[in-house]
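The two complexes that follow have subunit A in common; it is paired with subunit B in the first and with subunit C in the second.
Moving on to the complex of A and B:
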């Protein structure tokens, strides 16, 4: 009997870390990048929040458009006022899930290649998004990295004709999250 | 003829100056200096958050992109090389303030002194309301810090 109780306690203690079902970050990073022969646009947002539910593979990520920081103050101003219209559409939101979730086991340390599929809302428009992502599980933390392209036209972000040679339609997004148990 | 050369040189000079001016304007227009900017509003973290909960849209119109000075009790603070973040009220959905790496390098001794429970005043740019983080302020600077104990004593 005593042995059974010890076993029970031991199993509860051992199972406990796996029971942290949700992982969170509030300091996720998005880098945006666009390059033409005229102009390189680079910006960083270090205030991206995301929650990963390891029980079912659901992911949400959100940020505020005004948190993007550009090297050039004027480009930042144009980004907010003319293109993203952040006074009208202050948020960017992704909701989705890991599609091949049944094939992986995030309770074990390791590197996992996953596919994330969901919807991405930006500039008042919502579109489907599918992207490959690398998850690294290491001693209780999960880091996720992905990159994908967003077509400005697709999200009804207008580029004036005279700037079309300077700003590409496809903008690259590099995303890096370091999740901790919630 | 000499006059023509003079005019030519003058025009050339003006051309160079305006080109340089445009270049400087586009690429070197200085960023807003939050540290020097006078806050549009001085507010307590609790009231600030409540206003957003009460009417997010209205509050965003009022505070969005403005410099706000907020005072409250720190519930979470984390200092890294590439920045720091300080949270008032609630780790999830509170008032979330972030400091840039340059601010962290410059004021590291003051920032590293902050503990959970301290009453702190910061000033930063309001970016809006996020459903995970709450009200977000970025490019923050530290204005004032009261130790946990002294903040209690000052209340009584």
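Moving on to the complex of A and C:
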């Protein structure tokens, strides 16, 4: 019995640091941006959740499409109803990993350039995504920043011909996550 | 027993380490994020079903400017160009103070009416962790008509009328929404054989059959029309057509009046006798002020 208790304590002690190998954020930020000579579209999502497993460099992120907030309520409505169809495809997901993870050591403070590769799911479509990213490790927190472009056509998001001069096919995403130990 | 225990401990240790794949990590993420309740949004395309208000309100710092027309009786035919010569119009502003209160101001041709309104979004239809089956708004307005009265002793307060409405709507599917509207209207001055207080129940709905087009209808049953040979219950059918920046509402109705105390209590047209009018509302929404913060 005693042995069991020791084992139990030992396992808890051993599991604990392993659990701490994961970093999480629930209020990550994604800004989306599109500009044509007719029309600028800007929106902010401050409810993006993500986990970074520093043991192997795996990253996942998830958010509700409805969490993108626009200045103009009407544009937000069109974004949800007509283009993203968020009632059918409520979430945007990313699953991937840092490909050059063996070259860096996130246990030390510093700024690291990494490449993230994985799959991005949006509007019911899943596509490969590869993007450079900057990680900043500082006193136990990790912040990650990246930006990339998403082609609407690629994710089967249809823009009517008469609005093509207002909405670009390539939408810029700026991403900023501040991770804390889980 | 001991073997089992050791086995589970080992399993635990492994589970905590490298065995996680990205899918497991995604599952872990889903566990960590509490499910929020989601508002069922966009029950109607605009703040009106046709004549009546819908549960939709203007969101914070959004201004809705509407120009509404009701043409003359269609049965007048070619001579009046099917009513186009005799239009009533109203200019209508609605502004979102915050996400649950909209204030409105309107000037209508009929009796040269000014009216101010408030619409409170009390409950939202939600899914997810907290579910609520309907959206409920409370609408109230006060109208003052400014048409000249000949009588010198005519009291100013005689010009007042009031409306109170509970709007309860449910979005059943992306296409189908229904709304019921218990209504109370009080007019300070009425004809000698009419009641000051009128109770009515309205029903309205939409069927959105295309991405940007919906069929709409609306009907009010009012408690004074059965005993009246002058007034009818308002019934309207139409379409909501949405373009990039505007919502057009085109419809046929037997009420030429646009303000609540008018169309609910004083609808003079009769569908049976061809007393119908063509009308449209044009809505344009502007964002006023800074970037929306969440």
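Structure notes:
To be clear about the criterion, the second predicted complex is superposed on the first by the 163 of 182 C-alpha atoms of A that agree within 3 Å, B and C clash if a C-alpha of one lies under 4 Å from a C-alpha of the other, contacts with A are read in each partner's own complex, and residues count from 1 in each chain.
Here is the rule we go by: a residue touches a chain if its C-beta (ideal position, glycine included) is under 8 Å from a C-beta of that chain, and two chains touch if they have at least 3 such contacts.
The model shown is predicted, which means the values in this text are computed figures rather than measured ones.
When the two complexes are overlaid on subunit A, subunit B and subunit C occupy overlapping space and clash.
After overlaying the two complexes on the shared chain, residue contacts for A:35 are found with neither subunit B nor subunit C. With both complexes superposed, C is the one of subunit B and subunit C in contact with more subunit A residues. Contact with both subunit B and subunit C is seen for A:74 once the two complexes are overlaid on the shared chain.
With both structures placed on the common chain, the touch criterion links A:62 to subunit B and to subunit C.
In the superposition on chain A, A:125 contacts neither subunit B nor subunit C. When the two complexes are overlaid on their common chain A, residue A:27 makes contact with subunit B while staying clear of subunit C. Contact with subunit C, but none with subunit B, is seen for A:95 once the two complexes are overlaid on the shared chain. Of the two partner chains placed around the shared chain by superposition, subunit B and subunit C are both touched by A:51. Comparing 25-33, 79-87 or 115-123 from subunit B against subunit C in the aligned model shows that the clashing stretch is 25-33. When both complexes are aligned on chain A by C-alpha atoms, subunit A residues 24, 26, 46, 49-51, 60, 62, 64, 66-67, 69, 72-74, 80, 87, 90 touch subunit B in the first and subunit C in the second. Subunit A makes touch with subunit B in their complex at residues 24, 26-27, 46-47, 49-51, 60, 62-67, 69, 72-74, 76, 80, 86-87, 90-91. Those residues of subunit B lying in contact with subunit A across their complex are 25-32, 60-61, 64-65, 78, 80, 82-83, 85, 92, 96, 98, 100, 125, 127-133, 136, 138-139. Across the complex, subunit A is touched by residues 2, 5-6, 9, 12-13, 16-18, 20-23, 25-26, 28-30, 32-33, 36, 38, 41-42, 58-59, 62, 96, 174, 211-212, 244-245, 285, 287, 290-294 of subunit C. Looking at the complex, you find that subunit A touches subunit C at residues 3-4, 7-8, 10-11, 14-15, 18-19, 22, 24, 26, 42, 44, 46, 49-51, 53, 55-56, 58, 60-62, 64, 66-67, 69-74, 77-78, 80-82, 87, 90, 93, 95-97, 118, 163, 166, 182.
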